[in-house]
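What follows is a pair of complexes built around chain A, which joins chain B in one and chain C in the other.
The block that comes next holds the complex of A and B.
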């Protein structure tokens, strides 16, 4: 168990940290979206009419899209979003004001919803779905690490609250690893398990294959209910969105929709898939209604789910946190950070306990793991800050060497991350303090740049209810800057262990 | 929620205080008798459960249990962090407190 815990942690720790870090940020993905897309810092109208979504629908019709996905605006995401797939396979996203229906300028960014969030579960490696499999492997190993960690912990109850920062770095690191791991154990286990359960069709497809053969669509139709009909090639107008939503709500009872998926837009066979939002329940419920877009008749509706599906939806809902519950959102954020601390301290403990011995024996193992650990921990923080800073520095519509704004932001993120790895390799142990100071400077700069480029400084953002997401991100960036500066100062004042050992001998 | 959080902090603090290791760290080698230790631990556990009851009154069952489990972890971590620095704060204050009461002069 000790061997399993040590080596699976060392091999997959860096990837696990990246997954946990991006997952933790994804808890506030819509708030980061508001920060990175200033034109969407809007207030929701007091009485929202679904008919305000018509310009978004018409934009899809004009683009001759075969289907248009319309995301219903809400408190956290106060914009009407229209998405469709183009003939060449690419996707188009357009944003609209929820009060007037007017189109908003292209924000030229993937922000958090389309970059940070998918990074959490695919590492943005889409080819052959390899990202899903790597993240799935990490999720499974995280559960194995939790179980093996409990087994190898010799004094789990006696050391339940033991954290001794005054002890040597190695001991203090292990204490912090134990506290973050043992006290956050329910969260770490549930979040890893639920991550796997969400994508059960990818990771455990054999049961579906056994019943449905290779016809995954048939499984989807039976499990979630679906309806389809071909276009008639005759033009027709869509009835009022308010009428469509009223008919859908009549089929599933209480609750508003979170999206309206319009198939065959502009055609006489147009129909709308309305999906009930899961704002008021923990589970990620599936209540779908198909409404005829011309007559307003109910074409099909999802049936009550079977117990296995209800359990799967509940566990998935635990992970997705689509519910409206701010206390729980903040608790998830805090526990996500505890997960990051758990992984980082595990890696650090491995390095600390081997550094001196590897140096004496001329081995490079501890040095390599330390460089990778620095790049995965402080490096990904620097890359995230650089991503946010590039978003505030680059003007809308800018292109460099044929690269658009979206591509430039992503390249900045990855180049900054690579640079932190090179720096960690060259600087060795000193890289921790150096990179912490860089995090402090970058996080503070991001807040300053947001104020300069948008005028929404922290005090102004706090004063307006609809700007609280921006104020929250600014506050978190400032807190990150302060903590990183304090850590950098503490690390810079520490004597290297080999020097301390020499002084002790003298 | 604030009441539940206060109950959880108090509950974990009592459970931590009932552990000889933590009690000794804060009170410099102080000792609690076995029955007293068990009683303190029992009250601590009761406070943790009371927090669940308080949360269940203001939220639906699923949200209450989920919030309680998450808050249970976060409050326990906060107690661990407070305990990490508490012995130093207690030590730093002790001579001052002693000089105020005049105990140091008498000894």
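The block that comes next holds the complex of A and C.
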């Protein structure tokens, strides 16, 4: 058990940290979107008319998209978003004002919803879905780590109350690892399991194959009541969006839709999949209705859910946090950070307890793990800050060497990350303090740059309800800067262990 | 070498074995339990994560690696036979 805990932790710890860090940021993905897309820092209109979504729909028709996904604006995401897949497989996203329906200028960024969030569950490795499988393996190992961690710590309740920050870093590291692990244990188990359960059909398809045989696609139709029909190649206009939503609401009762998925846009066979927002329930899919876009008839609707499906959607909903509950949202954020601390201190403890011995024996193990650990902990913080800073520095519509703004931001993220690894390799143990200082400077500059380029400084952002997300991100960046600076000071003041030992002998 | 075998048995063997077990369970739930197909598939798929975790823990906790390999192999083989039998039987 000890062996399993140590080695799966060291091998997968860095990846787990990246997954936890991106997942923790994704708790506030919409808020980071507002910060990174200043044109979308809008107030929701007092009364929203679904007909405001028509220009967004017509943009998809003009692009000859086979299907257009229209996101209904809400308080956290106050823009009408149109998203479609082009013939070459790329995706186009266009944003529209929720009050007037007018198109907003292209923000030239993937922000959080399209970069940080998919990074969390695919590492943005799309080839053959390899990212899903790596993240899935990490999720399984996280659960194995939780089990083996409990087995190792027979004094689990004593550890709960044991934190000795005044002791030397090594002892405090292990204490912090135990406190974060025990305190967050239910969260860490549930968040790993629920993350896997979301994608059960990808990870464990054999039971679907066993009962459906060759027509595995039937599973989607039977489990989700999905509906489809091919286009007729005859032009037709879509009826009013308000009428479509009214028909969908008649099918599911109370509750607004969170998206309208228009299939065969502009065609006589156009139909709309309306999905009820799950703001008031935990389960991630509450009800779906398919409306004929020309006659306004109900074509299909989700039936009352069966027990296993209810359980699956509840567990998935626990992970997606699409319900409206700010206290719980902050709790998820806090526990996500606790998970990051747990993983980072676990890695650190491994390095701390081997550094001396490996140096004596001339082994490079501890040095390599330490460099990778520094790069995956403080390094990903630096890369994230650089990503956000590049977002505030690059002008809209800029291209460098044929690369558009989206590509430049992502390259900045990865180059910064790579640079932290090189620095960690060269600087060794001192890299911790150095990179913490860099995090502090970068996070503070991000706040400054936001104020300079958009004028929404903290005091102004706090004053308006609709810019609270921006104020929240600025506040978190400032907090990060302060904490990182304090950690850097503490680490810089720490005597290296070999010197401390020499002094003790003298 | 032994460590490598153990890790492979846990991760690859565990995954293949779990897949066979849940496929058999889904087949049995439909054929004998009269469960709806989509329900049986969803339920057993979710159970798969728990079974897989148990197999991983077992392969690392049991000092006798051969016992794990034989046990897992026997259960997987049996499960696969059930899947084949059910696929052939007229529903």
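Methods note: the second predicted complex is superposed on the first by the 501 of 506 C-alpha atoms of A that agree within 3 Å, B and C clash if a C-alpha of one lies under 4 Å from a C-alpha of the other, contacts with A are read in each partner's own complex, and residues count from 1 in each chain.
Heads up, the rule we're going with is that a contact is a pair of C-beta atoms (placed from the backbone, for glycine too) under 8 Å apart; a residue touches a chain by one contact, two chains touch by 3 or more.
If you're wondering where the values come from, they're calculated on a predicted model, not measured in any experiment.
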Original post:
Based on the superposition on chain A, does the combination of chain B and chain C result in a clash or a fit?
Top reply: fit
Original post:
Is A:334 contacted by the first partner chain B, the second partner chain C, both or neither?
Top reply: first
Original post:
Now for A:254: first (chain B), second (chain C), both, or neither, which partner does it touch?
Top reply: neither
**OP:** Would you check which partner chain A:282 touches, where first means chain B only, second means chain C only, and both and neither mean what they say?
**Re:** first
**OP:** Using the touch definition from the top, say if A:187 reaches chain B (first), chain C (second), both or neither.
**Re:** first
**OP:** For A:307, decide between first (touching chain B), second (touching chain C), both and neither.
**Re:** second
**OP:** Using the touch definition from the top, say if A:234 reaches chain B (first), chain C (second), both or neither.
**Re:** neither
Original post:
Could you give the angle made at the Cα centre of chain A by the lines to the Cα centres of chain B and chain C, to the nearest 10°?
Top reply: 90
**OP:** Classify the contacts of A:90 with the two partner chains as first (chain B alone), second (chain C alone), both, or neither.
**Re:** neither
**OP:** Based on the superposed arrangement, let me know which partner A:211 touches: chain B (first), chain C (second), both, or neither?
**Re:** second
Subject >> Distance in angstrom between the closest Cα atoms of chain C and chain B, superposition on A >> reply: 21
Original post:
Along chain A, where are the residues that touch chain B in the complex?
Top reply: 158-166, 179-180, 183-187, 281-283, 314, 318, 323, 325, 327-328, 331-332, 334-335, 338
**OP:** Spell out the residues on chain A that touch chain C in their complex, using ranges where they run on.
**Re:** 1, 3-4, 137, 140, 143-144, 147-148, 193, 196-197, 200-201, 203-213, 218-219, 222-223, 306-309, 311-312, 315
Subject >> Contact set on chain C toward chain A in their complex >> reply: 11, 18-20, 22-27, 30, 36-46, 48-49, 52-53, 56-57, 60-61, 83, 86-87
Original post:
Which chain B residues qualify as touching chain A in the complex?
Top reply: 1, 12, 15-16, 19, 21-22, 62-63, 66-67, 69-74, 76-77, 79-81, 83-85, 88
